[in-house]
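Everything below concerns the one structure shown next.
For clarity, chains are labelled A, B, C and D in written order, and residue numbers in each chain start from 1.
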Amino acid sequence: MIVSIKKGTDENQVQNLVEWLESLNLEIHRSNGQYETILGLVGDTSHVDIDLIEGLNIVNRVARISEPYKKASRKFHPDDTVIDVCGNKIGGGNFQFIAGPCSVESTEQICSIAEDIKNAGANLLRGGAFKPRTSPYAFQGMRAEGLDLLKKAREITGAPIVTEIMDLSHLPLFEDVDVIQVGARNMQNFELLKELGKTDKPILLKRGLSATMEELLMSAEYIMAGGNSKVMLCERGIRTFEHYTRNTMDISAIAMLKEKTHLPVIADPSHAAGMARMVRPLALAAVAAGADGLMIEVHNDPARALCDGPQALRPEEFAKVVKEANAIREIMTKF
Amino acid sequence: MIVSIKKGTDENQVQNLVEWLESLNLEIHRSNGQYETILGLVGDTSHVDIDLIEGLNIVNRVARISEPYKKASRKFHPDDTVIDVCGNKIGGGNFQFIAGPCSVESTEQICSIAEDIKNAGANLLRGGAFKPRTSPYAFQGMRAEGLDLLKKAREITGAPIVTEIMDLSHLPLFEDVDVIQVGARNMQNFELLKELGKTDKPILLKRGLSATMEELLMSAEYIMAGGNSKVMLCERGIRTFEHYTRNTMDISAIAMLKEKTHLPVIADPSHAAGMARMVRPLALAAVAAGADGLMIEVHNDPARALCDGPQALRPEEFAKVVKEANAIREIMTKF
Amino acid sequence: MIVSIKKGTDENQVQNLVEWLESLNLEIHRSNGQYETILGLVGDTSHVDIDLIEGLNIVNRVARISEPYKKASRKFHPDDTVIDVCGNKIGGGNFQFIAGPCSVESTEQICSIAEDIKNAGANLLRGGAFKPRTSPYAFQGMRAEGLDLLKKAREITGAPIVTEIMDLSHLPLFEDVDVIQVGARNMQNFELLKELGKTDKPILLKRGLSATMEELLMSAEYIMAGGNSKVMLCERGIRTFEHYTRNTMDISAIAMLKEKTHLPVIADPSHAAGMARMVRPLALAAVAAGADGLMIEVHNDPARALCDGPQALRPEEFAKVVKEANAIREIMTKF
Amino acid sequence: MIVSIKKGTDENQVQNLVEWLESLNLEIHRSNGQYETILGLVGDTSHVDIDLIEGLNIVNRVARISEPYKKASRKFHPDDTVIDVCGNKIGGGNFQFIAGPCSVESTEQICSIAEDIKNAGANLLRGGAFKPRTSPYAFQGMRAEGLDLLKKAREITGAPIVTEIMDLSHLPLFEDVDVIQVGARNMQNFELLKELGKTDKPILLKRGLSATMEELLMSAEYIMAGGNSKVMLCERGIRTFEHYTRNTMDISAIAMLKEKTHLPVIADPSHAAGMARMVRPLALAAVAAGADGLMIEVHNDPARALCDGPQALRPEEFAKVVKEANAIREIMTKF
């Protein structure tokens, strides 16, 4: 970390800062220039609060050279992490399709879709039981009952289940869930992350709408610091000024995250676009950019199709995307 | 709400959509144009999911004419809400200063600052006991013990206390707190908002880093829908592309929120800028833009000042801001 | 277009607005609700200034139902535009690779790269003669001389040339250029766009760093309104809060623009990422998302490679991307 | 500038980079760490292209310690620049109101408004002759004729005139203009900036919608590098995700720019908000944040008021803002 001190700063203040930094077990290299004094901080700076230093009146600018995460960093763990979900591997060259409805609605619905997506090539079943909704007047999900229906669908198809937790107090209900999803709005719910770090469940951690990649990795670090290193990251679109699409899928994040971390990176093209007709192009793009998996919303009720699934594919559309995605994956290692 | 249907859409699909909308108790006005069909939705559209409709393949575009919030809307409640915190009124022309340290650290520290800010003109004491930190390796606050110290400071100075809740499970600890703060990262922690809606405590709801004003108002609506209408909104800077400042204080939001809602609007210039030297200009700007209160970080330990409070003012600096802010408030009603 | 008028607005003011709107040849449908009055504007609203209406004190909100562009809109021109550059077609199922160095530097350099990219599969040669640079102290390009070198390279290889214009006054120099590129910073240089609309040259119009898709299409409309409909749009990354990548490539824009317009859509993965190692994943993603062409920076001097081309591929790397991109294109029509 | 080189990089490549940096007249300090090699670049780094280095495959990260601008930097020119426009000083404690209509429309209109704003307290008259419009179908201004009308209004009132240039080719028409305005969309029209640098006219340089403060200062540097140091910066709102306001006025930028540069900083609350009812709060906020001047749109025709000036104040409203702003300015130096 590099700290630039303003010209004309009182020497006592500089000394105070140097001593405080040394008390954090850092070695300080100082060079006095004509227009500023530069402090180079050598050692483990992952626990140094960059905002705190940047806010000091005597400081021009602070630059972090090393990333503030360690367990999630590829620098310290060069090999890909491979996560095994009931025999289905993700990461390190292993790819998975995770599919299912936005919300669990009935035994019939979830079991039928579960069969469909399995036949189409997805090994993992997703479905929302607890639903975070912007409006208090919108449907909030079947909650505990929805979890039970997901387990029934798992019994029938054998597909492990992926579902979102919304609050720490619900954790006991998730004991028999195979992958716990942390939604975008909870990416910095640190109390929740800490508790998930004490479990041994695979966690699917979604990137917040305005979270930087570094913040996403810091949230993964929270879980890993607790002892649970089975974290999958999920790019699902970020918030920008553009309004023709609900969110802007950050396709560069897929390639960049795979450079920065050893954790698997999944893409969620359904939420990134918010419209079914954009799912296929975004899904294929994510595969071409190097994603380790796709999470896609699929619905199956043609009678309600019109209003049911704004961002969901029909099973036959999903099956086509699976074939195309697999074909693109083959090309990626061919030339 | 207006829905534009694509040219050439199958009439059955349009009919399905119309019937579904009618089942939501809306009256549908249809007009068939040369290039599109327009549906006008009349009635209470606050419970209609705009994203769901926008995602349909047959839809060009959806436009909401009415806001999706009701209890928070000035349209339905023209008069300013005045919130009374132990005799200190906020809103409807009443202004409050809320001040104190970033984190509670010791009895001595919090009591001393409490005296200082009271003398300077602040009636409410703030202080962090539970601290949301981006890094798992950073200080996480004194937690329950910090709440006890805040109460001690209240005993001595009589100033009501404002402090942040980080998780629903901590709610019992906040029974004796005067104002519960919901932090920016929890603005869409809907389970938490629902429970706070069942209390009768004043809530200080901070705007998320990338939350639109509408989303902030929807989160207020969550609390109000539960029966608690004592909500104060707090602008604390949004995330933009700019990097010379940590966040970008959305000064327009202060005036615009006061137009859209009857709830009081507070500004937090300490977090918006992230540097002490920006607190004064932003605080005065917020007052000039019409804020109902200011929440400002103040520290009091000159020996540790260098590293302690990157975004905190010293008590004498705070006292000057109080005087200037009050003088500006007078001008605002003078001409 | 829908205009919502505030409750309690003086009837004279509403009448003034209605009359003014009627004077723009619009038919006005009015409906008086309990909380607002809604005006529906029927007719050609492409010339109505939405910001002007939105700014009126009596107006709650304005929603545009129809897009403000016409010549660029697929609604009015359903068939893909195919642009022919000296026999090389782009759009309507025709794909082109445009490649070459960031800056033209010498005869030897440009001719050698021109041969390389042709052998690798690119039919069009790009190269910067006039270079827009953020700093006045940075190299500004070889300018007119650079254009001459590009023409020499064209003589030798037969590849048409694509190069950027920075100012209207340089237009005479571009008479013998095959495709004129408008850079991101000039996307709203309206005087330049108007003049380009009077030429019959194909124009490659890059999206501004913070331009919405609608603004990009409005800039295309400027050129087309002048009579030149040979416009190619180019997605090259937008500005967001993320800082691990220089820009965020808006992959959804490729699919969405192709829905909104009949014009060809090109992707520039070199500028979107700003680093050579991100070019391949972004290029392949753009193809998978449906782009009509790729514009890629290629350099050829291994000795200077280290410092020469931060965002440029070596010819053999480019050749691999061409093969992979072509293979992905085949898959896209296979299933 | 600090460059972090990836672990395991070939020593030859590091040497190449070091030599190339040395060829730019920089002294290189190298320190080899366990996980990365750090290069410290000492000397004048303002001409080093940070993007170029950041894009290299061997580089982890680059951090600029010194700003890339010099002539615009307060570090090298601690004293405020004071700009004199025909006897009206701006900067260094001198404040000016610049007011007038959005567009010049007729002799009568411009002369009448010129009188009004003068009486209200504005010394400088603004008015648009050349109008940059998003749509090719919108009114593009009276152009050269509009400039003549402005000059007539100046004759009558004596107020110097401020008006926008849209293209380099129009420069001869601006010979008799007192302050040349560069609009937000032209902030990075580098050819235009270079030519303005050769004039001796005061330039009012507006910040681009998505320009960082650093880019704004680099554009000022372009003008100053040409020899013209009479540059005023203007904050007029930036583009964010928020949609209740057209732009987000970056109030922190006013205070931060005044820290970084010695140039005067003006605020334009009319464009920042896009609605007349937001002009007063934003104007007063800008003054409280330390602005050196305000540029405000004023219209004067009550009959056409409804549709004429969405972001314009009436003269009496403007006069009130002038009084309030002056009163706030007094407070700022009182305590």
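In this section, contacts are C-beta pairs under 8 Å (C-beta built on N, C-alpha and C of every residue); 3 or more make two chains touch, one makes a residue touch a chain.
Note that the structure is a prediction, hence the values are computed from the model and not measured.
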item: Required steps from subunit B to subunit D (each step between touching chains, minimum); value: 1
item: Selected pair, greater C-beta contact count between B-C and A-C; value: A-C
item: Most widely separated chain from subunit D, with each centre as the mean of CA atoms; value: A
item: Distance from the mean Cα position of subunit B to that of subunit A, given in whole angstrom; value: 26
item: Intercentroid distance (Cα basis), subunit C paired with subunit A, Å; value: 31
item: Interchain centroid distance [CA atoms averaged], subunit B/subunit C, Å; value: 38
item: Shared interface positions of subunit B, touching two or more other chains; value: 210, 239-241, 243, 277
item: Of subunit C, residues touching subunit B in the complex; value: 2, 4, 7, 29, 31, 33, 35-36, 38, 40, 42, 60-61, 63-66, 75-76, 210, 239-241, 243
item: Subunit B-touching residues of subunit A, taken from the complex the two chains share; value: 13, 16-17, 20, 46-47, 49, 51-58, 68, 132-138, 140, 166-169, 185-186, 188-194, 208-210, 215, 218, 221-222, 225-226, 239, 246, 274-277, 306-307, 309-311
item: Footprint of subunit A on subunit C - complex, ascending; value: 210, 212-214, 238, 240-245, 248-256, 259-260, 272-273, 277-278, 281-282, 284-290, 320, 323-324, 327-328, 331-332, 334-335
